[in-house]
Amino acid sequence: MNISVSRKAHFNAAHRLHNSNWSDEKNARVFGKCNNPNYHGHNYNLTVSVAGPVDSETGYVIDVKDLKDLIKTEVEDRFDHKNLNLDTEEFKNLNPTAENIAAVIWKLLREKLDERYNLKIRLYETERNFVECEG
Amino acid sequence: MNISVSRKAHFNAAHRLHNSNWSDEKNARVFGKCNNPNYHGHNYNLTVSVAGPVDSETGYVIDVKDLKDLIKTEVEDRFDHKNLNLDTEEFKNLNPTAENIAAVIWKLLREKLDERYNLKIRLYETERNFVECEG
Amino acid sequence: MNISVSRKAHFNAAHRLHNSNWSDEKNARVFGKCNNPNYHGHNYNLTVSVAGPVDSETGYVIDVKDLKDLIKTEVEDRFDHKNLNLDTEEFKNLNPTAENIAAVIWKLLREKLDERYNLKIRLYETERNFVECEG
Amino acid sequence: MNISVSRKAHFNAAHRLHNSNWSDEKNARVFGKCNNPNYHGHNYNLTVSVAGPVDSETGYVIDVKDLKDLIKTEVEDRFDHKNLNLDTEEFKNLNPTAENIAAVIWKLLREKLDERYNLKIRLYETERNFVECEG
Amino acid sequence: MNISVSRKAHFNAAHRLHNSNWSDEKNARVFGKCNNPNYHGHNYNLTVSVAGPVDSETGYVIDVKDLKDLIKTEVEDRFDHKNLNLDTEEFKNLNPTAENIAAVIWKLLREKLDERYNLKIRLYETERNFVECEG
Amino acid sequence: MNISVSRKAHFNAAHRLHNSNWSDEKNARVFGKCNNPNYHGHNYNLTVSVAGPVDSETGYVIDVKDLKDLIKTEVEDRFDHKNLNLDTEEFKNLNPTAENIAAVIWKLLREKLDERYNLKIRLYETERNFVECEG
């Protein structure tokens, strides 16, 4: 039997989809309204799922408080109330699509989590669109 | 790391569960209220998840607008505000259980999606019941 | 200070919007897809709110179990898994719009509730559309 | 008995809280992270509620399709995927707090709605914060 | 035009419905499973709505951060992860029904809020039952 | 193509996290507020997913009514409105963390389900924390 624990979090950010190697016309055609030069924004909702053995003394896979603190340090403090394109190192040269944001978050958390855990995240860009990363 | 993109959609339809090879008594016993001869209905909520490589130029697994349009053409235009038993080819001879509706939708989308993608869908018949298909 | 207690319930039904005094053309033009002759359907979600004094012995405005039973008898047993146009007395000659369904439910509950209570209902036809009745 | 019909909609936008009559220090102290010079953003969820008499021929207070179109023209086309501070006339000189955005939306819709209707809106800035306007 | 700002919060608590003036038989008959001597519990979800004039300098009815802090101090710190019957002064001699909990919260917040504000709260005991207080 | 059917259920319970082999200090340090000696509680939301072949005669993986009844008998009747530590056999000597509760539920259901089915459950302790078990 495989067990995982999940914790939800959220952050609010501005972004713009843009490929600087392309013309303005191509950017507008491919990214549509998401290419608006003055940015738009989202409430990003994040679910982080950590799978692993249950500790027999605590009954925990991971202490949810530790997971909550890890998400705060690695994700919320970094991206909340930021302009992803202008205010963050991660998206200076990486297009902040939901896929790329999710992959960046997955890697940031993966580096800090003990190797015994499997990690999966889900990132909602809107209530109707989300991305999942697992590895 | 495996990445997928998901899009939510919905359609409202009438249906009746019925097996024409069975007696009325057996249909009533097996399908209960869902066998009502005059039909009942649901708001079907659909989540379509497409997994595959992230395109390095766009940062997309798939353009969500393309996915939204595909769901509209293949699912919403076909089933929204319809009587599944009477108004659709797919359920003329197939009992429109949530399982069968989900399998039909999965096949309709699978035929139109590039082979490089994996496809998974979730179909809510009510807020308390849903079916998932993956392949 | 005014206090109310609310209880959620739900039923699934088929319906068709139609005015028998109108031509088919006018019905199609005014009601669009909702005029489909073979019906479509919805998961109707209902919230019933009852306001009144708090009983000092129980600490209740109304026993939620009694309210739940009342909704079951008056609403769910009457409309769940039914075709509103064909299977119910209430909508034989009344167009089953969300407004009319809500008004009928309000009256059915109002008749059974003690006069000391104020009654308000909210009826979701879909997650995006709802009607409220208060009196 | 009072009846209202409600419709949900949404738009995604960037904004910054700022009072140009104040020093940078005061803006930072009062508006905190929401004063970020490079903007942040939200998925704004909007519920528009219209109360009035039920038309005896249609069974409608208002045709929800008309209400949906009105919200699209007056709200979504104007604010979706925009930077509220930079891209809109309404917030060039008005701080785009949730209160002010809601009041602007209420006035835009009020001007277009027939006088016989009462209008109420709810605007979610996040899942945890919302504003209501009624008049 | 009337404007209000709302903030959501939550706390998790154990409770038991019991009237010490009644026999065990009457308590069991009236309160059913909620009378379990060893308690049961809920995730209480709270929405606090504050109505008043919009400050022309800030664009706020009330700073949501102040409202969040007030809810934390007056409600969450007092009731979160507590046994309402045993661990709180408020329900030592008051039956902790949803109605009574909501009324207590309303009074606690009312005392701390400026008189210019109107106050309304909604307390969910479960996703299907909630109480509203307004005054 | 793999198909599963899911059903949601819920129960409300009190619990306390505690390891009787540890000192009070260690219990307080590790479990924090969840170690409150007088218990606290939650609305537990459960999703049970059953995967298997679709029966060609019924169009069902499993009759959702049977699944609903199974969850009622094995889970709701056992845990609803109970103190998990005091009122249940399962948690007399097992710390009722979300992980342990989910594992117990998974085993209770697994024993009653036909071997041809795969079983997966998700248990929400709060709206922000959940555990998944699959085997």
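In this document, chain identifiers A, B, C, D, E and F correspond to the written order of the chains, with residue numbering beginning at 1 in each.
Keep this in mind: a contact is a pair of C-beta atoms (placed from the backbone, for glycine too) under 8 Å apart; a residue touches a chain by one contact, two chains touch by 3 or more.
Values in this document were obtained by computation on a predicted structure and should not be read as measured data.
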Which neighbours does subunit A have in common with subunit D? none
Chain of greatest Cα-centre distance to subunit D: F
Interface copy of A-B among A-D, B-F or E-F, judged by whether over half of the contact pairs recur: B-F
Which chain has its C-alpha centroid farthest away from the centroid of subunit C? A
Taking each chain's centre as the mean of its CA atoms, how far is subunit D from subunit F in angstrom? 41
Averaged-CA centre spacing for the pair subunit F and subunit C, given as whole angstrom: 34
In whole angstrom, what separates the CA-based centres of subunit B and subunit C? 28
Which residues belonging to subunit A are in contact with no fewer than two other chains? 127
Connecting every touching chain pair, does the picture come out as line, ring, star, complete or other? other
Report the complete set of touching chain pairs. A-B, A-D, A-F, B-C, B-F, C-D, C-E, D-E, E-F
In their complex, what parts of subunit B are in touch with subunit A? 1-8, 49, 54, 57-61, 63-65
Applying the document's contact rule, which stretches of subunit D touch subunit E when the two form their complex? 17, 19, 21-22, 30, 32, 94-100, 102-103, 106, 127-135
Which bits of subunit C are touching subunit B when the two form their complex? 10, 12-15, 33-34, 36, 38-43, 45, 80-83, 86-87, 126-127
